[in-house]
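My structure is below; once you've seen it, I'll send some questions.
Note that the chains take the letters A, B, C and D in the order they are written out, and that residue 1 is the start of every chain.
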């Protein structure tokens, strides 16, 4: 069986596994107060060229979104997101659970439009009833988006600039950050750090066993951050596991190497799909491919390939997600292309 | 100055005031455990022909929506509402504050469409990711809507029937219930009670000093309801004030009489506006009139009339709300029509 | 039947009722943006000699405690209170509902001890695990306490000074403020304002129909306070009702006059109880008297007097609350004393 | 440097590490829907002799406590715990954050007393004001307690029986379950399962990299449990990591073997301490030893041993925690005893 349904189907990259094994019996303090975490933070700060960044390691995407958003917002604030944003749709209401509204704007291939964002803010503050409404206290975007699309540098700049103008922090969800950066030549992680007030570097979907690195870029860490993380049930006792993994991933460019690998594999498949006349549901340059398949063929396809069901396209067609990752082997790509 | 900006600009109907004055020095137990509350509940149950209804009195609309929704939902539930619903827009995130997402559907002149509701539920339960999404645990509609429009009996029946089919409670926000029922010949409060699993009879906007009567119609009161009300800071120490008012409003049909009065006054103004060629922003039969005025005339108009700003229509026009109420006198209507 | 069970058994003082009646048909803007509220705020600020105070009117005690505490605390903060504090025991978890722990200290006749408070803070900040614990973000005391006792000026000063030293706001719950101040010669409401960072002037239990005035004394109003009040379902549409009442209560010293009245009545009863050899459960100088009665006598007593059950004293005795108020007539006091 | 400060200072047992390594590149579905999780659940159900148990894997202790308590309680419920319980003190308010009060009872060497628990429930339900108070909706105990003490079988039975009588679920926090069971001859994990309505088997502190197995023992799993876990940010994408670890720990009795190992090492140290005349702060039979040391000796001790600071004993003495674990080697125990 070929496995292309998602980018979290395996454990971790062999180098990450080796680092965990090598450090396994070393005794360290708990809760991230260890040398591995310190080393990882230093490496990341250098990599993003942001010496004053403040970094926290958490365990998963939804947890990270909840902790970051809730710790940065006040009671009266909500977070603005595209209607298709992960926080708006697929986190079981984790943001509302923490008391905050997700204020949605139309999604354009998964992306917020900076002009629409600005217009919403203009309208909000001009509204006589604005004190009876949730205050837009943060802007959330995902890079890549849930549809695998990417903001261009110009688009990012525009969103970031609207946020700066209204003094609203911009939060970039980088669950698949490596896959985005590997697919976009003119943008670096340092650029992401400069556009965002806070962002996270996704590990779970990019070669770590688990783990996300939250980066506060502007001396804007919420107070008592450790207490807040603990309060959300998100403080890992053996925090060093996160430090070990991120330290390894930010050694010899492993993180980006894993990103590039997935993009190369995705591009081969994308090319093959186009050659064979398949319809892509949405064009994007990253590791997730959304392809329209007729239901008859899909039955057979499903016998050989584990794919991701995305949505019904019409009565006789389905949108299917084919995802590559750091773990996708040449063999499995060849095998998949033979089946397509 | 003429006052037409809203329906909560004055105190209460003279009969309500008299009832409060007459009972003022009578000693009663607190927290609604008094004879006035008991009497009011009996009268309401008779009026809506629902002997098993369970009734609680609260102080305002947002409070009522928050308490009802939060007490009926489980953690994993959200409430479905029209995108223009009060709970979705103008309650400062009170529902999210209590941990629940407001799941929005398109508004059609302020109303949910039963077919769209059904399709959303079908899609939700068919979605592989539904366990990662907020569960639709209640449907919220307002009658009249925030735009003064009304669901027809057929429309109400359709929404109610979808809810029943999916075993999801239907909550009808009746902040202006009397104004709706007075404007709709073929629907009674007993009908509302039969369509809704829970609804509230708005007092604040219909002649009470303050107060809303929440009615659980189907033996479906949440457990420890008094504790839940208290926990939301919504348990009035002198609960009898609410009992006194509702008992009076449900004596000799005062509640509906106040509703009819406002509709008659609104209809005169509506007629006058049409005669004079004004454009209505949205047609509706209740006590709120949304009219488009050009900004120049509006300046002058504003010198004489306190109106409600609704929204910008275009560069040179504004949508204005003119609201009548139980308190609107013939004289002020005459005066307004002379100005228009 | 004589009514001595509580201080919220009747409506409101005749002057307050008259003010409500007189203003009943005047049209005003909603949500507290009216002249009555403005006037009331001016009067209170003058009365407490605190020109920069910022004042908000809310509807009841639990609501006020919840809104004040939640709006002033950050996520990681809890509120320190005596173990017998209203917020700790009798608010159905309203504070925890808003996400904050009530950190309790031993109660000494209902009061916090300043030294114990200080020691707790010293210990907290010295604790290696303090980041894994709730941060003490506010101190809550009630004046009078739930047992009718009063902090002496020295005690208040001591608590206030510990708070100042640790930069933790002191919140004084004044649900029965007038009864406390009337019983304590050397303390004024202006003193309360100087010791507290925020306090509230209770109306519900002192002659208003309902209403509490929250006073932020040090330019420390939380941001977007109206939004936060709305979000808690606590923004009264006809806010002017609160303004009308407080404006009247702060005219010609009515508020304190009502306080003094209750204390005089209580003192007569207290004297009588002592003369007749009753045991007081707890000595206090305010409007609540806690007296130990044997269960046999109590049965008979209960035929003629509505009293408050406080707690079981032993197998054959009960602690009973006898409360006077602004409404307690000379006749009823005479009648009660005849029965005792 | 010798490491005796806690039981989470290393990674995981070599067999667990091998299982993670061996399964690393196998592709599985996410979110716990994999064969490893299924196998682990089957093994645990057999081990506890509870075929109808329903099991969920989470990542850490505080997270587990928050998710279990919040998913089982209704809004109006709080959880009863000893004043020294982890949920009451060291979880940064995670329970209150989820809206629920922790109702504390006196701790007796870390334990609840069944009679006191019963009395509290009797008093609560007899209290006229009980509807104004938080409802006791669950009882939480930890086994072993935070002080390393154990409930005897009789004590457990008594607490469980009070809970059953009042129809309140009993939740047993088993963060260090193996260490408790290994130290108590007459109690098995099956017994724990029979006394508890829900409990968790701690992995983080007993040889797993991380992970806790929540067991609902009585067909009492909260509805939409996956949604609730997700909503708390607690649903691990690579859920299989938890399945792999627990499957291994419940193979050939590894979990209990690790428990026994720690107890043997602790007993050697305990014996040595007694022989050398040290004062134990609290007697207990499990893997945590609380010993009183004078501050002068402690300075030197701290040069060679990483210990846990517990609390100040008096001006010149300190309570120190010495913890053994699955990872404590014979060599380090020898070395420690040589230093003592």
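Details
Here is the rule we go by: a residue touches a chain if its C-beta (ideal position, glycine included) is under 8 Å from a C-beta of that chain, and two chains touch if they have at least 3 such contacts.
Not measured: the values here are computed from a predicted model.
For the pairs A-D and C-D, the count of C-beta pairs in contact is higher at A-D. Farthest from chain A, judged by the mean position of CA atoms in each chain, is C. Rounded to whole angstrom, the centroid-to-centroid distance between chain A and chain C, based on C-alpha atoms, equals 50 Å. Between the Cα centres of chain C and chain D there is a gap of 42 Å. Note: centroid distance chain A to chain D, computed from Cα atoms, is 33 Å. Under the contact definition stated at the top, the residues of chain A that touch 2 or more other chains are 75-76, 91-93, 97, 99, 131-134, 227-228, 230-231, 235.
Across the interface of their complex, chain C is touched by residues 75-76, 78, 89-93, 96-97, 99-102, 128-129, 131-134, 309 of chain D.
Residues of chain C touching chain A in their complex: 70-71, 74-76, 99, 131-135, 223-224, 226-228, 230-231, 235.
Per the touch definition, chain A reaches chain D in the complex via residues 3, 5-6, 8-12, 14, 17, 20-21, 23-30, 59-67, 91-94, 97, 204-205, 209-210, 227-228, 230-238, 241, 306, 327.
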